[in-house]
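There's a structure below that I have some questions on.
Labels run A, B and C following the written order; every chain starts at residue 1.
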Amino acid sequence: MSLYKERFDGRAFDEVRPIRAEVGIIPSADGSAVFETGGTRAIAVVRGPRTLHPQHMQNPQKGILRVSYGMMPFSVWDRIRPGPSRRSEEISKVTEWALSSVVDLSEFPNTVVDVFIQIPQADAGTRVAGINAAAMALADAGIPMREMISAIAVGKVDKTLIVDVNKMEEDFSEGEGSTDIPMAFTSRRKNIALLQLDGKISTDELKKAIEMGKVACEKVLEAQVEALKKSKSKGIENE
Amino acid sequence: MSDVVISNIQRKKILECIASGKRLDGRALDEYRKIEVEVGISKNAEASVRLRLGKTEVLAGVKLGITEPYPDAPDEGTFMTNAELHPMASEYFEMGRPRIEAIELARVIDRGIRESGFIDMKKLCIKEGEKVWQVFLDIVALNDDGNMLDAAGLAALIALGNAKMPKFNEEEGKIEHELTEEPLPLNHEAMSFNMTFHKIGNQIVVDVGPEEEAVSDYRLSIAVGDDNGKPRITAMQKGKEGAISSEDMEKILKLVEVKWKEMFPKVKEYVFGNGK
Amino acid sequence: MSNEERTIVVPGETLVSGNDYLPGDGAYRDGKDVVAQRFGIKNISEKLVRVVPVSGTYRPRKGNTIIGVVVDITFNGWLIDFGGAQNAFLSISEVPRYINKGELRDFLDFGDAVVVKVWDVKSRSVEVSMKMRGFGKLEGGMIIKVNPNKVPRIIGKEGSMVKLLKNSLGCSITVGQNGYVWIYGKSLEDEIKTKKVIEFIVDNATSIGLTEAVEKYIHELGESDFEIIEENTDK
């Protein structure tokens, strides 16, 4: 029997926290979005494509996607030192890989598309919220993408598999403790674009965790698509 | 912050317009854009604020920690301001470039708050010579549409004005993850706020946009507080290459008096209006 | 446009199924489906399936009219910033008169604003020309920058909106597809008024009955007495 029988916030094990998604929050950026689940909020801003400097970094065959993820100093209880850290650099890179699996910048050689992800408030799952916001902001910026991307953190708390882990669950230390599995799926082919794991899990449990993540990402995708469509649908009612 | 590409005709038009006492966006020369404030954007902060000045947008947050006092002020808390002018905030901020603008912005805001005595540092002493509260003020620019300094400065004051003390466990000597109802100790009457004046053509202009910023000769930022109904200056910074003539200095100080009278009650309302 | 053509689609969404459809701009084939490759409006005409962008940066296309600023001068032409991913190149062979090398600055100097036509888009460069009538250096007036995706609303159906503005505000208006709009009027007041109306259009581009709203807004601002000024961009 698992020691984690009921979730701290009363959610079902496969239930995502309330989602809020909005596109176009910073009108003067090329693309922007906010994605929120429960107490975690991510802002994404896209600028570009624009010419990449210095020139020797340019790719004459296609544009470069560059992701920068960061938590605001006051986003968590124990203040984070401003500026890049080893953690933020790594998350930027895995996010960049995840997004690059669907983004096609072949039309924009020698350019860079910058994706800035900032977390003003955190309650676990910031990298996946960041990916969700970034996918919307990239779409909003009109960047060619073969598919959308949706992400979720699946967790194993003692022996119980749960989706959309919050901070208290992440910090659970009894029994087998807490295992964190952030993952992202492409919207069409359902390929895994991001997968990390921190903890211990059997192969069977992992298979189940991935299935749970996939189902939960449908909810995320729904919110992303709705926010994107809502941001522009009013504009075409006239004429 | 002025790598804005501006055409000769546009430069001429802005100068012509400002010379005639108007601005391209229809504002008066001494008129600020609309200010919008949202308090409480992070539940994990002692205070957090999102502020919009026109389309310029900035976040500010306050966090508290425990530290040793400085040897020269053993019975006072400490205060630190940090600003990030992230490249996300503007197409003109480049990646990796040394951010002197961010450093300057943080230092000017820090001085305005520190020198005014707005934060009651003595009340932030826990045990003299050993343990004091440490106040962190963090500013993150989201979108730069001109005059980030005044926007960030106001956001900072509002954050401080709304900050609550966290619970301190004296036995263990550490902060608990819980806020009390007790506000951050402030000297309300000492508050000063920042206004930035730009010299454009022959005129002095407040709250400039990016194109106006690009054609201005110099800027003068002045933090002003209240001295029994009269403005009291607590910090200043002259920026850019132009130099101030004595006539202009007089003109600016006259404008400071007028604007201070108009803005100070509004600023007080923003800073202390919530929960008071 | 039919209802179906107004559907907003997101990347990865199936636009239509069937092997006889052809994926155009912003679309790709995936098995029997034609799929959206970007966010925008689904557009199917005959068998060609496209996604028309609704957001993002301006991408120059052959034949576009754009407005920009000279930011550099080379030995054989001018580099023009138009707010795109890269600068456009205006060669001395693409200006309406003969220019001696070494005298480029006399014709167009740093900071000069120009209205030019895009005649070629390559991977490394955007080539522009000002040989045709209606293109050249801009003298006087002001330039405002708006979201390039809102340009169709400023122009209106077959130019109806821009015509309405010109007729009721008395300013000459040149709209660059890159979102730079040049306004030239008899007085600063007229130009500022025109600027306000264009910003009103951009802010309200999503509202129903835009033309009526614009007419009302112009009326509120107060119409001015003026004579219509002829286009003067080709001098």
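The rule we apply is simple: a residue touches a chain if its C-beta (ideal position, glycine included) is under 8 Å from a C-beta of that chain, and two chains touch if they have at least 3 such contacts.
Keep in mind that this is a model prediction, so the values were computed, not measured.
*Asks:* What are the mutual neighbours of chain A and chain C in this structure?
*Replies:* Touching chain A as well as chain C, we find B.
*Asks:* Relative to chain B, which chain's C-alpha centre is the most remote?
*Replies:* When every chain centre is compared against chain B, the largest gap points to C.
*Asks:* Tell me which has more C-beta contacts between its two chains, A-B or B-C.
*Replies:* Between B-C and A-B, contacts are more numerous in A-B.
*Asks:* Indicate the whole-number Å distance between the mean C-alpha point of chain B and the mean C-alpha point of chain C.
*Replies:* Here the centre of chain C sits 38 Å away from the centre of chain B.
*Asks:* When the centre of a chain is set as the mean of its C-alpha atoms, what distance in Å lies between chain A and chain B?
*Replies:* 32
*Asks:* Which chain B residues reach two or more other chains?
*Replies:* Counting only residues that touch two or more other chains, chain B contributes none.
*Asks:* If a residue has to touch 2 or more other chains to count, which residues of chain A qualify?
*Replies:* 27, 50
*Asks:* Under the touch definition given earlier, write down the residues of chain C that touch chain B in their complex.
*Replies:* Per the touch definition, chain C meets chain B at residues 69, 71, 81, 109, 111-113, 138-143, 188, 191-192, 195-196.
*Asks:* Under the definition above, what is the set of chain A residues touching chain B in their complex?
*Replies:* That would be residues 26-29, 39, 41, 43, 45, 47, 50, 53, 66, 68, 70, 72-77, 79, 82-83, 114, 116, 118, 120-122 of chain A.
*Asks:* Help me check something: in the complex, which residues belonging to chain B touch chain C?
*Replies:* 5-11, 13, 16-17, 20, 22, 24, 26
*Asks:* Would you mind writing out the residues of chain C in touch with chain A in their complex?
*Replies:* 1, 6, 8, 10-13, 26, 28, 30, 35, 37-41, 53-57, 59, 85-87, 123-124, 147, 157, 205-210
*Asks:* Enumerate the contact residues on chain A facing chain C in the complex.
*Replies:* Result: residues 24, 27, 30-31, 48-51, 60, 102, 104, 107-111, 139-148, 186-188, 224-225, 228-229, 232-239 of chain A touch chain C.
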